[in-house]
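Take a look at the following structure, please.
Each chain carries a letter (A, B and C) given by its place in the written order, and its residues are counted from 1.
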Amino acid sequence: MSFAEFLPQLLPILILLGLVLAVIGALRRILLWRQGQESTIHWAGLFSIPQRYLVDLHHVVASDKYISNTHVATAGGFVLTALLVILIYLFDVATNILNYALLASSGLMFVGAVFVLMRRINPPPNLSLGPWSRLPYSLLIFSSSFFVLTLPASGLLPIDSGSWLLAILLVVGIIWGVGEMFFGLTWGGPMKHAFAGALHLGLHRRQDRFGGGRSTGLISIDLEKDKLGVEKPEDFKWSQLLSFDACVECGRCEKACPAFAAGQPLNPKKIIQDMVVGMAGGNTAKFAGSAYPGVELGSHKGGAVIPIVDVLLEANTLWSCTTCRACVQECPMMIEHVDAIVDMRRFETMEKGKTPGKGAEVLDNLNTTDNPNGHAPSSRMNWAADQNLAVFGSDVDRADVLLWIGDAAFDMRNQRTLRAMITLLRAAKVDFAVLGDCECDSGDLARRLGDEATFQRLAKTNIATMSQFEFKHIVTADPHAFHCLKNEYADFGGHYDVYHHTGFFADLVKNGKIKLNTNNAISLTYHDPCYLGRYNGEYDAPRYLLEAMGINVKEMERSKSKSRCCGGGGGAAVTDIPGKQRIPDMRMDDANSTGAEIVAVACPGCSQMLEGVVEPRPQVKDIAELMLDALCEEVV
Amino acid sequence: MSDIFRRDPRTQWIARNRLHPLHVANIGEPERGPSGLLRKNLHNIGFIGANGVKRIDRSGDSKGGLSGRKATTAVEIVLPLHQIDKPDFYILVVVDLVSARLNNHDRDTLGLAHHMANSNNAKGAVVAVLFGEVKEDKLDTAGIDRLIHFDTSAYQSYNPEQRCADLCNIVNELQPKHILLPDSINGGGDLGRRLAAKLDQRPACGVWKVNGEQLVCRGGAGKTDITRPMAKILLVLEECSEPVSETRHQSLLMPVVSSVTVKQRILDLGNMSVDPNAINLAEAGFILSGGNGVKDWPEFHLAAKILGATEGASRVAVDDGFMPRDRQVGASGTWVTARVYIAVGISGAIQHMQGIAQCDKVVAINNNDSCDMVKRADLSAIGDSSEILGELLNVVRQHAAEKPVNHVVINHG
Amino acid sequence: MIFDPSLNIVTLVSIGEHPLSGRPRRAEQDARALELGLKLVADNLQVLYIGQAKSPATVSVLKDYLGMGLGQIQVLDVPPQADISNTLLENFKANCPDIILTGGRAENGESSGMIPYLLAEQLNIPIVTSITDIVSIDMLTGLAEVLQALPRGQRRKIKVSLPFVASVDMAAPAPRQSAYGCAMRGQLVVKDFNQSIDDVGQRHWQVNSAQMRPKRLKIVKAKTAADRFKAATAKIQGGSGKVIYDSKESAQEIFKLLRDEEML
């Protein structure tokens, strides 16, 4: 039997074996995901997989041109090659065109794989090693094996060229290649990401994220349930378990995570991989990436019915997160790290009562005084004693704008911003009123700390209060309240037209209602608040306002969607998990490196965190304060 | 300026007029006679000698003149004696006697008792019950007409049941019209409630004002005022009344009512030695607090240990990881009430100053004499913090070496 | 540390009131008493509330207590004007627990802090006040060692015979967080209590919100007109403190201050 006869007989068996194993693996994997809780299955999403892959996923990947091109070549080459291989060698549809196409696709894949390999020559620390270091070789072997195999068939080489040695090499190569690419696809090899990732793109829990949409509000839970939040991996929704499997361990989240950079025990990539370990069972020793800072690798284990906290990971890992969403923004596979972390926090807070740091105290205060620091609710308007504000209920019942004050009302620093805002609104002759003492905390902090019950109580109270009055818009200086009112109150019947003050003022400036003088030659940089930027996509209005004042913003290296958190989000300032350095210090270093004298902020939380950095440092000013300085007083 | 001496009739008039408000202030000034000659005012110099005769030291080698003058001015004023020989009724006061002395709360309670004993032309006598050792030397001016003193060694320790039984005996014997105790954490609050329960009397707690037969008490943990009729047992708050200040009292020792020894179900095992750093910051009486300016943290900890101070920190020191979060002083940390607060290298952010607003004495150790902490401090040491701390420790060590401190263990039951 | 599970410990809880907002909440001292009880016997702790079982404020606060990990709270339902000390006594007369833990005083109402004393007196058992911890319980000798809070963070160790009443101080360890899930699942076991006696003593009381107490002025008992005049016109002394630039001298001064304040 010659080489030419032997291979065609063996090949279909090998490929069939690979495919059958892949199908078995896939079913097994699906069973693993089905351990999770019921959630809506968006079947229609499956049809949009190619579009979502090509548009949404590549939009994220394209921020790194090298890897996006590499991935197009490799993945595109692989999909084509695999289809053609099945056609040609399994179903024996041998036409010359197909053979040439296979040559081209495997060639393309080979080229892509070469670039993958080059990337791995000196891998940056965020990339995982282990099986992932094997992958480029597998890709090379797969593509080259089928390339060489197809050469004789395509007629480019004589049919019986080659020797037994080559045949054996080819067989080994094909076994390896098929093993990695078909078997490994569903049995937990690195290629798992393609299988799970494709399904995840289709069945994503937040379908609104695709096609240019945005879905950033936390998903509410039913408080009547027997278990609140996630204790064990099986308590996640099945779609979340699926999403964990989609992780490619590219480590872009790790690079973006402020807590990881600050040396707090959090690494978003590892959290997702730990969830995979939890889902499939095993221990974390095999993880080939960076550990949680300060936590030794491999001392944890997990299983679908084993509690996560303290067994699979430490509670501090969950509480280090600032919910800044940088990881979610960076994730090419659209994994929702923040959702998973908040789900686990919910169990810690609402079932175990173990919110760390000052968390318990803050939640108690929210319940007894409606503000996190336990100030008398009747003193909420004390800051505005001299402002003569119209208050809904006592002064007016309708106004164009409801000005949401937020907890800045109790903070002397941020009262300056509020005063500036009020002067500006008056200068623009905006008809506005405030809720006065009836306003409660928006519930942002409670919700991020996992206390969904308190959040829902506050949200419902606020919605009931606001339903008594008539207004067109809500304007607030607090991006956290902005986000809650805009995106998270809808679940409870609160639908509002909400503006952040920068957006509202930008419109007023555009319409000529506010005139700003343009000779402000200040050396300034702008810090994007997470809840305004990444959560709500507002990067332009603050910059428009700064430019309208004639300021040339010196952008930090991490800005807009890549902005680094100030460290105050998600209750991180309350839980206060120790790290090697503080997040606001790192952010201030970012600002310092631009040489700016002023850091413009647009969030009371950011101003507090950044002003907490030891001087000398640039001044911290809210955009409203800067606008007040630049306001052209109208001559009456 | 011309050398011609000009009379200032006003100053001279003030110098002559002893009732003039500025008269005292002028004493130190050199006085001139009508002709302009410098004069010595013999009234103002010299001191009272051992036998009560005034002495003027003309040798010039002693500065006794100054202190001597002080001695002459501090004339002991003898207050009139308030004498009650046959009282119509008694008002019983049980004082706390913290560290064997009367404190303000005790004096206010006695003041109220005195007021109640003598209002409406009544002639009552205030009977003070003192448990344990007494070091107070001004019992007579505190308003005590009669005195009952239990001073056997048993009363050196915490024996509330015995004390309560003794008080019951006294009450049975004297039938006092009212029983007053300070509503304090130093024993009065506890003892008063025990007595009330034992006598089956509803006490008026948290009394802060007595209007004739009406009492005003704090209720609802300080949120409400309850106006209620007069009660037999009053647990009174500090500043419920002015302390006695214008009379002396007899402080006649009454015989101790033969006390029955009751079965002690509570046994005092003595005070625990508490590690200063285990004390909650809010409760600590002496805090050594470190901030951004502390460069040598081991020395800081050593200083706290040697001084016996509870350690505190500014937010920055906590953020930088030198101190744990629960040691943070300030608006976002702990609000402290220490009697002495030493701030080392803390410039005094507004939140920090808010947190130490209730401290009695603040000492600042800082290298910047214009920072807010120095402005607030009662005593500021400007310079390198570790050098000053080092010097302070030297002084403390020297002192300890000179005079070995006797460790007195209080309340050894 | 969990003691003998046969130990019968009851914690009395009440409805607290936030000092600033006036909202109902876990009473701070009662929650500490509960925490101590849970530390001592965990699930065997009995928790008792006496009051109006049906008022929404009561239910929400009792749920907060349940959220600390309790299976149930016994509720004795009495009318608002009832004298609860009497009810309590009736409840415990037949079956006196080994330890009754309470807070120091209520956060509303008369807030006299008499309940634990009345209970102890009428059950004829000792009472220890302001405790922060129960260190040991010896069931053989029937003695317990407790720590009592003294001012300025000091502690006194006391031996007390079982059974006893203990009121828990604010210096005791802070209560654990109340978890919503536990709170929802815990049970309130309500018993009607018909034998309650009205608190007649309070009928003639007048309750207002607390007035600011006048700050005591420094009264100068001047013996001469000059002194009186000076006292009335003199500027208030103090303000800026002493500033020293020499480290040796400042060390001496600080030392002096510490000694004057009796800190050494």
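Please note the rule applied: a residue touches a chain if its C-beta (ideal position, glycine included) is under 8 Å from a C-beta of that chain, and two chains touch if they have at least 3 such contacts.
Please read these numbers as outputs of a predicted model, since none were measured by experiment.
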Note to self: Need the most distant chain from chain C, centre defined as the mean of C-alpha atoms.
What the structure shows: A
Notebook entry, point to check: Most central chain by CA mean?
Noted result: C
Margin query: Out of every possible chain pairing, which has the most C-beta contacts?
Written below: B-C
Notebook entry, point to check: Between chain B and chain C, what is the separation of their C-alpha centroids in Å?
Noted result: 26
Next item on the list: Provide the C-alpha centroid distance between chain A and chain C, rounded to the nearest whole angstrom.
Entry: 47
Next item on the list: Report the inter-chain centroid distance for chain A and chain B in whole angstrom, where each centroid is the mean of the CA atoms.
Entry: 60
Check: For chain C, what residues touch not just one other chain but two or more?
Finding: none
Check: Which residue numbers or ranges of chain A touch two or more of the other chains?
Finding: none
Item checked: Contact set on chain B toward chain A in their complex -> 292, 315-316, 319, 321, 325, 350
Check: In the complex formed with chain A, which residues of chain C make contact?
Finding: 18, 20-21, 23, 25, 67-69, 176-182, 184
Check: chain B touches which residues of chain C in the complex?
Finding: 17, 19, 22, 105-114, 117-118, 120-122, 125-130, 145, 147-148, 150-161, 164, 171, 201, 204-211, 213, 216, 219, 221, 223-226, 229-230, 233, 240-248, 250-255, 257-258, 261, 263-264
Note to self: Could you list, by residue number, the parts of chain A that touch chain C in their complex?
What the structure shows: 223-224, 227-228, 349-355, 359-360, 363-364, 367-370, 374-379, 451-454
Check: Quick one: in the complex, what on chain B touches chain C?
Finding: 18-21, 23-24, 77, 158, 161, 185-186, 189-190, 193-194, 196-198, 202-203, 205-206, 208, 218-229, 239, 242, 245-246, 265-272, 274, 278-280, 283-286, 307-310, 339-340, 342, 360-365, 369, 374-384, 387-388, 391-392, 394-396, 399, 411
